[in-house]
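So, here come the structures, one by one.
Across the two complexes that follow, subunit A remains constant while its partner is subunit B and subsequently subunit C.
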Partner chain A sequence: MGTIIKIAWRNVWRNKLRSLIVITSMVLGLWSGLFTVAMSRGINEQRVKSAIDTYLHHVQIHNPSFEYNLDINSVVEDPTSVLEEIESNSLVKAFSSRIIISVMASTAHGAEGVKIIGVESEKETSFSDISQNIVKGNYFSNTKSKPVIIGQKLADNLKLDIKKKLSVTFVDDNGDIQRIKFKVEGIFNTANSIYDGGNIFVKKEDLIDFFKNKYATHEIAILCNNIDDSNILKENLAGLFPNNKVETWKDISPELGSVQEIMVWFFLIFMSIILLALSFGIVNIMLMAVLERKRELGMLMSVGLNKTKVFLMILFETIFISCISLPLGILLSYLMISYYGQVGIDLSIVSKGLEAFGMKSMVFTDLPIDYYFRITILTLFVTLISSLFPARRALKLDPAEAIRSL
Partner chain B sequence: MNVIETKNISKLYKQADQDIKALNDVSINFKKGEFTAIVGPSGSGKTTFLNTIGGLDSPSSGKVLIDNNDITKLNSNQLIDFRLRNIGFVFQSYNLIPVLTAKENVEFIMLMQGSSKSIRDKRSVELLKSVGLDDQLNRRPNQLSGGQQQRVAVARALASKPKFVLADEPTANLDSSSTANLLDIMSRLNKVENMTFIFSTHDQRVIDRANRIITLEDGKILSDITVK
Partner chain C sequence: MLIKIAWRNVWRNKRRSFITIAAIFIAIFLAILMRSLQLGMYENMIKNVVGSFSGYVQLHSKGYWEDKNINNSFEVSESVLNSINKIEGVSNIIKRVQTGVLSSNNKLSKFLYVTGIEQEAEEKLTDWNKRLIDGTLLDDNGQSIIVAKGVAKYYDAKVGDSLIFIGQGYHGMQAVGIYPIQGVIDMKNPNLNNMSVFMSLKSAQDFVSAENRITNLVIDKEQYFDEVKIAEKVKSKIDIQSRDVMTWKEMTPQLDQLIEADNAGGILIILILYMIVSFGIFGTVLMMTQERLYEFGVLISIGMKKSKLMITLIYETIFLTFVGVLVGFVISRPIVNYFHYNPLKLFRAAADQLESAGFEPVIPFMNTYDIPLVHGFIIILISLITCIYPIIIISKLQPIKAMKR
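Presenting the complex of A and B:
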């Protein structure tokens, strides 16, 4: 066996240029595949993170009928007990209760239907990333007037700026039309332009006066210490407060959660396509090597090299090519993915388009270690399959005929 | 005692709807220690005959007995093993393994036979010494001349201690001095080790050294002359 391996190894380097071309194509194929997947994962991870930080959070509690029509009367049942339980729960990192009303926001330049979110401003600072996304003005620092924080998109649509007035009209819990004037204190710009155009933030106390129930709460948003605890917390709270609807971020936005699962299949399918293309290269090169060495293989079979050994020799040659390409491809991918995972890839040239999908323009590549193991197994499998056809061709050679071939 | 015995062997080939008889009812014996040249014009059946007695090709009819064993009854794997243990081959184009050194090429056959490293080392050096290449042990075929490569091929053919050596036009690609040198070596091995050599050749220099000359024509034996 040792000599067969030795011959196979030396055969790989008989035609250095050809072997290097195959090895390079495999390395580049692996790198491009892994890097693309890492970039896609990075984009998705960032999209999920951005959505969670801005508006989804880990767990939300609503009145079961609230989400259908944002009915002002669909408030969280027994909010005081719910908040007390949340405050004492060890899984919870931060939380905030909110009033959410569907309103018409208008200025002299136009009107837009938006969601007004009344927040506990101090709690929200450590909770939501809106305060970190302020691009103009401040985040609830002025307590004298009724401040409002609006998105850049809405500011553009209604030609609003800092200190300008925004009039908000809505139907209160009595069915009466109410109108409040807010003063723009800050403008935020998240990764999601649709969100920026449809949500405004005010202090909860500026809205609570319009409710008979002074504890009215439409939404309790919670951040867990660990995102993986979302389901456990949901189960806990749902059991304790069956009249309220407790949902995790995956329940609220299933498309974001499923993308993560889809990514695993995307990875396998995408890499399989790349490896399939590479396998044709391997088959081609090995077939060429077999046909070129017809006479030599004929001689080997004539002098006593049995079919198993001929088969193994071709198999080893193919495996050696993989064994050189695979670590190089994986190392190159790992280094580049790690580097761009830290530094990020600046896609600000297409930031407008990305914002429409809720993505930031800086993408950080991300690929878990188990993906590298999967690709290693997949590549070795494809290599083995690729070697079968050339090896079979070698076995089919008639030694007497092969030895006479040119 | 006969090393090789053929009984009415014929070989038919199909070529463009035509049956070609490459061998036509050939019956012949070879004794241990013979130095035989098989001659004849191109297409007379020399190579087919060598391939048939070497187990590389099976006859359409007839028997090939090597030490009284009928090799036409062996399957392809048994034939490979049979060739490995009983027959040495020397080819017109040397056909050494280009990625192995001269010594490794000689050792290769012994390795396939399962010989130990010490035996392989000893015998490969001895054989290369006997063909005058003990100073070229670690050279690869592309670093050797045609004559040297053919001498390595002879050493390789003898490595397995075969019952006989088949050589298909071994001097066809060699110049006169390399041919003379190779023939000297093979003659010596024939005399000293009593090794049986069977050549197919057009080369008069080889024919002149042979102690038996068989002439083939149209797949039939035209003459069989023993030279004293």
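Presenting the complex of A and C:
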């Protein structure tokens, strides 16, 4: 057995060019596959993160019927005790209560349907990342009359700029039509241009005047100390306040939450295609190697090397080649993925398209360790299967005939 | 003569030829399937967003797109319509008047886009009957409306309920009206579903006091026609001083860029695939060359010119590649066609993700002949490049050495 392994090892290096081709193709295949997957994961991670920072947060509380029609009367039940509870909960890092109304925002240049969000401006500064994404003007620094913060997209659509007036029309909780004029104080630009076009922020106190119910709250958004606690907090609050609907970010945006799940599938399918193409290369080259060595194999067989040993010899030769490439490929991928995970890749050439999907243009590659394990097992499995074909072919050789061949 | 030798060489060692063909086959097969899937997905996205509603090309009054205001409407004459209709590739022209309004019902209110349409013309663009969930379609003289399903859900409204619209009319006129709902429609696109209300063209024109005026002229094209060429021709038929012609890429640049971004990723994957298969093909050619060194030695020593041997080898490669490409094409074709007519249905998370971005969660494969032709050509190119190796070997070949074993 030891001798067979030794012979196989030497066979690998007999035809250096061939072995190098197989090794390079495997290393490059593994590297490019893993790197692409790491990049897509990075893009998605970025997208989830910016969605959470901007508008999902960790946990949200609404009136159960608020979700569909943003009905102005669907307010959070018993907001004072809900807020007291949140205040005293140790899992909570920060929270904010908001008034949300679906309104028509108009200027002389046109009208758009938007969500107006009345916020407690001091709390929100440390809470949502809107204040960090201001590209023009300020975030509620001005105490003067009725400031509004709008998105870049809406500003473009309605030709607005800072210090311009925006009028907002809606039906109040009494059923009367109300029209308020706001002055644009700041313009924000998040990674999600759809969000920027459909949401504007004002001070809560400027809206509450139009409510009969001075405690009206449509949404309470909460940040936990640790995002993994979202579910525990949700269970807690849902038990205490059964009349309100408590949701985690995954409940609100299931498609974002399950991106991870899709990624695993994408990874497996994509790597399988690459490995399929790779294994075809290996099988072809090894089959050729067997046919090329017909004479030599015939000779070995006729001097008494038994079939099992011939089989094993070819088998080991194939396995050796992949065993050299596998660690090399994985190491190369690991190094590059860690490097670009720190430094990031700039995709700004195509970023406008990405923004419509809620992504940022800097991508940080990311690949958890268990992906490397999966790929190792998958590759070993594929090479084992593909090494069987050439080895089986060698068995079929008839020594007497093989020895005569050219 | 050389072609004949090459052809016979191919069939002399069937096993070796088979291996090479298999290498080429797998390359072309995977490339065709991946591209058909991807391009089919884009085609479907475009069809979802523009093909079924906004159209591939639109004609507006100058400045309407930047400022979607009823004052930027225009009148279109029969003669202009006729001349546009005669352009090659144009299948339908559809008149619309669109305006933003604040709608309300009981205590709810919502901003909506009211679109006045000619029901018959619209049906050439999309099958409205299939999309109608409840009620009936519009007729030209009715005063009723069809609401998209998101709007119906918002108001919890059913056929027979009414909505009140308040908006801005032509030249500062007040536009106010109450309209009964006669149908609910699924626009297959979340944005449109949440924003759209339809009424007959005539009643919409009455609503905004803009008789005979329209805001959008939608020009639909036949499948696989280039919309840019159509737009160019439309421009030549109209007064471009006062009108704008826009293709879907200009109207929805985000979709175009999204596709470009995703396509970049797809091309990257195809490149990776090509890189791997070129290594595979090269490996096969390399082994084939080394296996045949003895044969080459014999041929040269009995007087065959090296150049002729090289040409024979190139012919052989071409034959093998052609067979591989052909087999790949023949085998992938039914698969592509099958998935073209029975699109892949995505499920669960992947489906949610596409739907939230406004697309139907199905992927029909694209079944044009461009894809196999382009990729077949690329593969032939790759295998011709790999031919360089045996050519170099032959040019350096010393018959005596080659024949020694």
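In the analysis below, the second predicted complex is superposed on the first by the 406 of 406 C-alpha atoms of A that agree within 3 Å, B and C clash if a C-alpha of one lies under 4 Å from a C-alpha of the other, contacts with A are read in each partner's own complex, and residues count from 1 in each chain.
Methods note: a contact is a pair of C-beta atoms (placed from the backbone, for glycine too) under 8 Å apart; a residue touches a chain by one contact, two chains touch by 3 or more.
Since the structure is predicted, the reported quantities are computational estimates derived from the model, not experimental observations.
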Counting only touches as set out at the top, which of subunit B and subunit C does A:305 meet: first, second, both, neither?
first
When both complexes are superposed, which of subunit B and subunit C contacts more residues belonging to subunit A?
C
Taking the superposition on A as described, I'd like to know which of subunit B and subunit C A:289 touches: first, second, both or neither.
second
Of the partners subunit B and subunit C, which touch A:78 in the superposed model: first, second, both, neither?
neither
Once the shared chain is lined up, is A:247 touching subunit B (first), subunit C (second), both, or neither of them?
neither
Going by the contact rule set out at the top, does A:206 touch subunit B (first), subunit C (second), both, or neither?
neither
For A:170, is the partner it touches subunit B (first), subunit C (second), both, or none of the two (neither)?
second
For A:120, is the partner it touches subunit B (first), subunit C (second), both, or none of the two (neither)?
neither
Dual-contact residues of subunit A, meaning touching subunit B and subunit C, are 295
Contact footprint of subunit A on subunit B as seen in their complex:
47, 51, 54, 56-57, 76-77, 80-81, 83-85, 89, 91, 93, 95, 97-100, 104, 107-109, 111-113, 156, 160
Could you list, by residue number, the parts of subunit C that touch subunit A in their complex?
15-16, 19-20, 22-23, 26-27, 30, 34, 67-69, 100, 102, 104, 106-112, 153-156, 168, 195, 253-262, 264-265, 268-269, 272-273, 275-277, 279-280, 282-284, 286-288, 290-291, 294-295, 348-350, 352-353, 355-357, 405
Show me the residue ranges of subunit A that touch subunit B in the complex, using the header's touch definition.
3, 6-7, 10-11, 14, 295-296, 299-307, 309, 399-400, 403-404
Touching residues of subunit A toward subunit C in the complex: what are they?
15, 17-18, 21-22, 24-25, 28-29, 32-33, 36, 40, 68-69, 71-73, 102-104, 109-114, 159, 169-171, 173, 175, 177, 193, 253-255, 258-259, 261-262, 265, 270, 273-274, 276-278, 280-281, 284-285, 287-289, 291-292, 295, 347, 350, 352-357, 406
